[in-house]
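Each chain carries a letter (A, B, C, D and E) given by its place in the written order, and its residues are counted from 1.
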Amino acid sequence: MEIAEAVLDTALIGLLLTMAWATLHTQRMSAAIALFAGFGMVLALIWARLRAPDLALAEAAIGAGLTSALLLRAASITREETIRIPTSRLWLRWLFVTAVFAWLAVHVLALSTLDGGHSLPELVTGQTPNSGVRHPVTAVLLNFRAWDTLLELLVLLLALLGFRQIARHNRHPYDADHHPAPWPLLKAWSRSLAPLLVVTGGYLLWRGSDDPGGAFQAGAVLAAALVLLRLSGQLPVFRWSRWTVRLAALTGPALFLSVAIGSAVMGEGWLNYPDNASTLLIVLIESAATVSIAVTLAFLVAGEEEDIAE
Amino acid sequence: MTIVTAYLLAGLALFLIGLHGLLTLQSMLRRIMAVNLMGSGVFLVLTALAARLPETDPVLHALVVTGLVVSISATALALRLHGALERHREDG
Amino acid sequence: MNPALSSMALPLLAGLLLLLAGPGLMRRWGGTLTLIVSVASGLAAWMALQSTLDSSRQEALLGGWEEGLAIRLELTALSALLLLFTALIHGLVALYAQFSRHGVSHAYWPLSCLLHGTLAALWLSGDLFNLYVTLELLGLVSVALLTQSGPRAWRPALNYLVLSLAASLCYLLGVAILYGQYGLLDIELLSGVTENDAVTRLALVLMTGGLMLKAAMWPLHGWLPAAHASAPTAVSALLSALVVKGPLFILWRLWSEVAPADLAIQAGPLFAAAGIAALIGGGYASLRSPYIKTLVAYSTVAQMGYAMMALGLLLFWQHPQMHVALWLFVIAHGLAKASLFMAAGEIQHTVGTTRISGLRGATQTAPIAMFAFAVAGGSLIGLPPSGGFLSKWVLLGPLLNDPWNWPWAAGVFLGTLVSAAYVFRAVIMAFDRVHIKRVNLNPDHTAQWLAMLPALLVWAMALSGNWLVQWLAGGGI
Amino acid sequence: MALLAAALILTTLPALWRLLHGPTTADRLLCVQMLGTASIALLLLMAEWQQQDHWRDVALVLALLGAVISAALVQLLRPARRDNVRRQEKSS
Amino acid sequence: MTVALEGLRIVLLAGGLFFFVTGSLGLLRFPDTYTRLHAVTKADNVGLGLLVAGLSLHSLEWQSTALMLLIWLFVMASGATSAQLLARYQREQDRQESASNGNR
């Protein structure tokens, strides 16, 4: 049994590193992107192996899904560039990288047996019942370290704003007429797929307070549904100039910030939820964040530039 | 060689593969991928550290979820910027 | 704590509100709201500063959880001063952007508000991972601001984005290693337990590398000039005056609190030496630059050398006066650089070229902007009685006391000479009345006066030098 | 169980070869799909083996996203040309 | 009874693995894209089905069995559809290529 597990781990790590290397150094871009998607899947398996279900869910939605769509979109515009493989002093470079790796490894290996005093995980486990949710990771994300999560939602929003800046200045927009019409099969398939995605997203959100899952995973799955519907031409164009769209993209950070300010003004302090309302507040914030994450990611992956420009 | 050790080393190796790619590759698209790989390497280190305890460390998992959001946001912006740049260059 | 929190929350809220309001309202009210918010945030910061004078240090554990579990926000005299400084620069730049004829598009307002809020969050944060998130936020907001000037800024923006991502990941790996070793993310708790061992050193090296890249410190400064020079004028001013100071602040906290003292003493001279290299290298590049804005941008690289030197000597001697010098310098440089960029932008618009040669005769054609340029440049050189002079004076004090420290003092003098060279190169050209460039006959006088405002303030800094030194020496450390 | 899991992983190696050598983009997408199916199988196996119900949810998300991706990528990959649009209209 | 169940389980799991191996060999050895499509989308789905059957014999909990069945059904549907989509895409590419060759 032990040996078989070792074989499994070795195979996973070997696959991961080979794919990572090949992603960067294979000749053709389409191969690189396919490898990157495969890399995301292997990483999801590794998260499962390391007993991190929240991450596995997130990686399955993001790494294996949305990132490759993003990459493909960018690559379809890029001219195919073949990679020059440098031949001179390759061994020197290898030697250098190996040396750095050995140096890092020697230091970091010492950490694998330490447990870091494990006071913090114990604190989290101890306080989770008082946090308003039962799943410790959700408790950390939305209560103990909610400030990080609020700032993280702003990071996501800023990516969208950056995209908007680019779109506004682009004088050569991607002509929508040039897109080939989607096949009827694709339309039918996305019509049946989208409800399933929505249900799964809702399920992940609902479960987040007790079990692995939560706003980000749910938002990513919902974003996939929006992307699919948008690409198969079944969703009306969402335009930034509509206030509903802006509201959807902003509701997560806005609500979160309002709760923070409200709790500082009326209650105990910044992001200190009142005891009896913490569950309700967390659920509200999570739902709003899910909507924002879904809309923002969908914009970033499938949005046309003219949608957002004005 | 425990699981933790193996994946810690794998995370470091991934980080270095990405860093090496970032420093040596010419194509911007590949460099964006390389930064992503670096990120995955760091996340792998964090998750391997979380698996040291019998009950995995929820703090580290939460940090990685936050890190994943940050990383996808920045990647998306970089790819959009790259796409716009390429089209701009093509059209002269 | 509450005034400091409102100083941070107001701009964030204003940014979100502006976005929600949409382009039409943003165009009409964006500038006004931004100005109001920066004034209000500045007032709140002033109240926070007053409150730190009574009780030197305040803190809040967010959510009311225990130490370690919660994210800690800290308010010291220094962070209150930095809050005030951020609000001041933001307000000055917003004033320029609002009333300058070639100002900014409406999308600038929410972004600059978010930048202000992010920086405030950074000054207050006392948690390594929270600082990582603020760093990323800072990087993305800078990129979004940079892309405003259109396609010519895209390549530098993309380069900056990719490098800054890689830098944050290096920082995060260091955080991961520290957490693996000590099981803590809280800076104050960490400062009590760190030991001078190989793992801690590795983590600090990784984090320092990432932060130095983010702060464009020599030798990791390559991305800065192209990025800062290609942005719209108001954005360049914000980026150079404020954004690069964020990573510097984290670096300072890392080395003065997290790093074990004996390690910090060893690392000090390295920082100081890198600082001198930055002064000379950046100054030389600035001297050779053919474009006005690139000259100013390279001067940021050079001037960050002073900051690094003050930081290194602070670590080496643990001398409180160095601490004062470091932050005085940051404030003086922020004001002077904002003024320089705005003046450079105005001159560019008046003479119609981005090249240095366009400065010929600028004393005649754009006298106010050129005067602002010279005045702000004077502070960069360190001419008395400017803020730049004040910070250098404080820095030089302990250096000159002991003959063994004279080599460092020589570094400072060399840096001063180089700064003088690149500032005078521009100023002398402006006095050239023989080859006057054809100019825009309708110059924007309001904007030129507004560009002068920060430069006047940096000279006024010397007048309030006593208080500043007192505040920084009192509650800062 | 672990043996079976390891064997499943090894069956993906040919897919990796095909991924690298192509020759067409459709082949590569096919390989991604194959990897996806194998990952789902592996996750189900691990769910049974470690008595962890979460992995089945992960498998579900992976299956859903895999379907989305192969559909979305095909649509994104189709060359954007005017004559292509016309041909489509004629044929349909 | 339990011995028979255990034997059946092992047979099912081994069968699942066998089909996975077959599928990936097909992916490796078949001559063109269209045939390779069959290898993956058919053989692997059978493999997954057998695996699911074997695993449900093991746990005998209805929720997990139902979820696994759902996943399997979904993977089959997705396999069928994406095989179609990929084949169409490939045909489009082939036609374009032959058209451009004909023009030349």
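Simple rule for what comes next: a residue touches a chain if its C-beta (ideal position, glycine included) is under 8 Å from a C-beta of that chain, and two chains touch if they have at least 3 such contacts.
Worth saying up front: this structure is predicted, and the values here are computed from it rather than measured.
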| Tell me, which chains sit next to both chain D and chain E? | A
| Target chain D, source chain B, minimum contact steps | 2
| message | Counting C-beta pairs in contact, which two chains come out on top? | response | A-B
| note | Cα centre of chain A to Cα centre of chain D, whole Å, reads 19
| Cα centroid separation between chain A and chain B, in whole Å? | 12
| field | Separation of mean Cα positions, chain D and chain C [Å, integer] | value | 47
| Geometric centre distance via CA averages, chain C-chain A, whole Å | 31
| For chain D, residues contacting two or more additional chains | 12, 25, 29, 31, 57, 60, 64, 66-67, 71, 74, 77-79, 84
| task | Quick one: which residues in chain B touch 2 or more of the other chains? | result | 45, 49, 59, 63, 66, 70, 73-74, 77, 81-82, 84, 88
| message | Where in chain E do residues touch two or more of the other chains? | response | 74, 81, 85, 88
| query | Name the touching chain pairs, would you? | reply | A-B, A-C, A-D, A-E, B-C, D-E
| note | chain A residues touching chain B in their complex are 6, 9-10, 13, 16-17, 20-21, 23-25, 29, 32, 36, 39, 43, 46-47, 49-52, 54-55, 58-59, 62-63, 66-67, 70-71, 73-75, 77-79, 81, 83-84, 86, 93, 97, 100-101, 104-105, 108-109, 111-116, 118, 120-121, 124-125, 136-137, 139-141, 145, 148-149, 152, 155-156, 158-159, 162-163, 166-167, 170, 172, 174, 214, 216, 293, 297, 300-301, 305
| task | Going by the contact rule at the top, pick out the chain E residues touching chain D in the complex. | result | 13, 16-17, 20-21, 23-25, 27-28, 33, 36-37, 40-41, 44-45, 47-48, 51-52, 55, 58-59, 64, 67-68, 70-71, 74-75, 77-79, 81-82, 85-90, 92-93, 96
| message | Could you list, by residue number, the parts of chain C that touch chain B in their complex? | response | 129, 133, 136, 139-140, 143-144, 147, 151, 154-155, 157-158, 161-162, 165-166, 169, 172-173, 176-177, 179-180, 185
| Hey, which residues of chain A end up touching chain C in the complex? | 104, 107-108, 110-111, 114-120, 123-124, 127, 143-148, 151-152, 154-155, 157-159, 161-162, 164-166, 168-171, 241, 243, 246-247, 250, 253-254, 257, 260-261, 264, 268-273, 310
| remark: Listed in rising order, the residues of chain D that touch chain E in the complex are 4, 7-8, 11-15, 17-18, 24-27, 29-31, 33-34, 37-38, 40-41, 44-45, 47-48, 53, 56-57, 59-60, 63-64, 66-67, 70-71, 74, 77-79, 84
